[in-house]
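Read through the structures below before going on.
Look for chain A in each of the two complexes below; its partner is chain B in the first and chain C in the second.
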Partner chain A sequence: MDIQELETGQVTVLAINGRIDSTNAIDLGNKLRALYAQPGRRLLLDLQEIEYISSAGFRTLLIALRRAADTGGRLALCGLTSKVRELFDMGGFLDNFSIKPTRDEGVNSLA
Partner chain B sequence: MKKPRNIVYGVDDIPPRGVLLLSGVQHVGLVAIFLLVPVIACRQAGMPPEKIIDVLSLSMLVMAVGPILHALRRGPVGSGYLCPPIFAAAYLPASLLALKAGGLPLMFGMTIFAGAVEIAMSRVLRPLRPFLPPEIAGFVVAMIGVTIGLLGFRHIFGIGLPEQPGAASYMVAAATLALMVGLNVWTVGAPKIFCALIGMVAGYLMAAAAGVLPAADLHRLSAAPIAHLPSIDHLGWSFDAELVVPFVVAAVAASLRAIGDLTICQKTNDADWARPDFGSISGGALANGIGTFLSGILGTIGLNTSTSNVGLAAATGITSRYVAFAVGGIYLTLAFFPKAGTIFAIMPAPVVGATLLFAAALVFVNGLIIITSRMLDSRRIFVIGLSFMLALAADVFQPFFSQLPAGVRVFTSSALVVGTLAALLLNLVFRIGVRRTQTMQVNPAAVDTYQIDEFMQTNGSAWGARREVIERARFNLMQSIELLAESGVTQGMLTVVVRFDEFSLDVLVSYNGAPLELPERRPTNEEIISSYEGQYRLAGFMLRNLADRVQVNNRSGHTTVAFHFDH
Partner chain C sequence: MQIGMVTFQTTVDSKSGDLEGVRGMVSALERARSLTPEVVFDINVVLDELISNIIKYGYSDDAAHEICVKLSATDTAVEIGIEDDGKAFDPFASPEPDLSLSLAERPVGGLGLHFVRKLMDDIKYKRENNRNYMFLKKNLTPQAQG
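Now for the complex of A and B:
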């Protein structure tokens, strides 16, 4: 898993590449925890290059969502491929997250 | 069966009468040019024009019965789809050989024989299914699209036609095609669903205005009687064993074409289409065989399904099988009113060419979609790629193929026959060494995700499995291995067995340890966040839901989790 971080106005975009599973979910969790250490952080996770996400990855995202709420921040996702979207659907996560089709729409929704 | 969004009247919908009639006229108009196939054969036999009218009328009777036989769904006859047949150009070379050897009676007799061959073949298509995989059906469909497209260009460029076209003819073709495509792309409702008919009528008018209608055709129209009861004086039948091979090859080509056309019908009518339904295809091939048999009895040329009509139905969104009855009724009427039939038969070449190109574009792309719906490994890539090259070579290097010995030439009569036979043969060769069950050992302490990916991708491609099913199975395998490794259920090696046939994909994960928990209820977000137990239950819940069936067996501490995926 590779993570590319960039700032777009008030929004921090994390473009994640590869797979999110039990071998790297802790690394992603640490990264997200560090970002939400700043109150009011607006974070967009671009999952366009994600090919697989396991239950460990979903748990990490749920924890990030909780942390965003606790710190007055916000979290949105964008760029889900059809197969990753199917995993979100199967896990019952489509309603939990704010999911936008593209990065631009994701940034606009958080701006 | 789930009706796709672009279909206005699906296969079982009954359109209003006006739509039925106009749609029927559209279908008849599209392929009326093929009425010339028996006419060409009769002219070759030196039959006088007044007798040719009888042949044309009897041919229309056959064309009336053909679509109705196809649309039937009760009993063994019929595919249950709108799939009007036409006189098969594939039968023309064999028929001309018969004419040369024994005149019309031999041509009629051998056509009856070919019909019997098609009928017999239709009964064994189902057992032959493993040798006719979807990507080959897709290839046949794409090749049919190419064949129709080239036929369209032949009409537009006047290749092999008695009169060479000029600038006016090209303009008529371009304007007709532009009108059909424009109406189809940018309009809705009646203009869209009757785009081909509107284009044909406009094409006729433009051809008349531009002076493109040949004088000989206008003469044929004025000479044709208004009403006429066909005579059967010219009928007679004979048989020659030396002509068995060319007629069997033509019958095989017609059957393969039926598989391709009916595959398009099925795919066009079902948004959830996954594979050819051979029950319907066998019924359609039987209807086709009966049609060809009847052609021989009534003294005309053999039939095959019409890809142009199937493409037209898909393009206009009217795929109702009840249109077949309208088509049958129109042909029945035309059989006794030759002047009306001749209006269709003298359709100007640029209009015919434009209409064929319009249908060909859709058919060709449909074929590509069927091919790419399956994962293709190097074997399948060579089956499709080499067959396509051979088929093109048969068309481009015709002089070379025409010099081949007569025994070989019967197998190289057209690009479609060459390509299809090559694909079937290569598929047979490449089946050698493909195992349907594969096993892999996985160490949960050091999971190599690349190895698991590779295992699923390689086998999925070798089996020609559907991409989305392999993706779901791949997720289940990765998640179950991750779950077993993380939860500490087992410490030893895991054995993964993957089994495939065309209808199912089974993934079996075996290990020494307690059974995995695969809950039916999703854990709450709070449960997932608060402990790893919640995360494991989420994993089990997703594993259960992504597979179509799950079974867990535990015997003496050895557990097997079987994930079944419908394919």
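Now for the complex of A and C:
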């Protein structure tokens, strides 16, 4: 997994490349925890380039969602491929996350 | 064209939890059978869920154990076989998660097995000679092959 971080105005975009699974979800979790250590953080996760995501990755995203709420921050997702969206649907998570089709729309939704 | 069955096999060290060998095996099968990215996605998720489950819950000692993983494909299906010497545990005997509960009320632990049930077409478990055996099958639609 490779995470590219870029700032767009008040929004921090994390573009994730590769797989998010049981062996590396902890790395993403640590990254998100460090970012949300700053109160009011607005974060967009671009999932366009992920190879796959397993339940360990979903656990990390759910924790990030709670952390965002606890720190006055926000979290949005973008770039879900049809397979990734299918798993969000299977898990019943589509309504829990703010999901935008493109990075621009994601950034705008948080700006 | 009928190519017959292609089979790959590898082992995972329960201590290191390194899944590189498993990923290499999935890639090899993908190339050998021209599997679609969708099928490869499903196989990767299922292997991650089941193997990480064994590593997390399967052993009560601190020793290194071998988890044997076998992957094969015919023209019509991909089959996964996983064998371990951990505690007796049928992962598919656990109840389905209640997705109607709110996020705060919902235990996230059963999510991985829920994915496995949904992504696979056939799932079997048996306990024999103090070992767990799982057999899973994913049917390939005609479009899912090259």
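Throughout what follows, the second predicted complex is superposed on the first by the 111 of 111 C-alpha atoms of A that agree within 3 Å, B and C clash if a C-alpha of one lies under 4 Å from a C-alpha of the other, contacts with A are read in each partner's own complex, and residues count from 1 in each chain.
Everything that follows uses one rule, which is that contacts are C-beta pairs under 8 Å (C-beta built on N, C-alpha and C of every residue); 3 or more make two chains touch, one makes a residue touch a chain.
Predicted, not measured: the structure shown is a model, and the values here were computed from it.
Asks: By the touch definition at the top of the document, which applies to A:R19: first (chain B), second (chain C), both, or neither?
Replies: both
Asks: First (chain B), second (chain C), both or neither: which does A:N96 touch?
Replies: both
Asks: Which chain A residues are contacted by chain C in one complex and by chain B in the other?
Replies: Of chain A, residues 19, 21-23, 52, 54-56, 58-59, 62, 83, 87, 90-92, 96 contact chain B in one complex and chain C in the other.
Asks: Tell me, which parts of chain B touch chain A in their complex?
Replies: Against chain A, chain B makes touches at 447, 449, 468, 471-472, 475, 478-479, 482-483, 485-486, 522, 525, 528-529, 534-536, 538-539, 541-542, 545-546.
Asks: Using the touch definition from the top, list the residues of chain A that touch chain B in their complex.
Replies: Per the touch definition, chain A meets chain B at residues 19, 21-23, 52, 54-56, 58-59, 62-63, 66, 83, 86-87, 90-92, 96.
Asks: Provide the residue numbers of chain A that touch chain C in the complex, in ascending order.
Replies: Within the complex, chain A touches chain C at residues 19, 21-23, 51-56, 58-59, 62, 65, 83, 87, 90-93, 96.
Asks: Give the list of chain C residues in touch with chain A in this complex.
Replies: Against chain A, chain C makes touches at 17-19, 37-38, 41-42, 44-45, 48-49, 51-52, 55, 99-100, 103, 108, 111-112, 114-115, 118.
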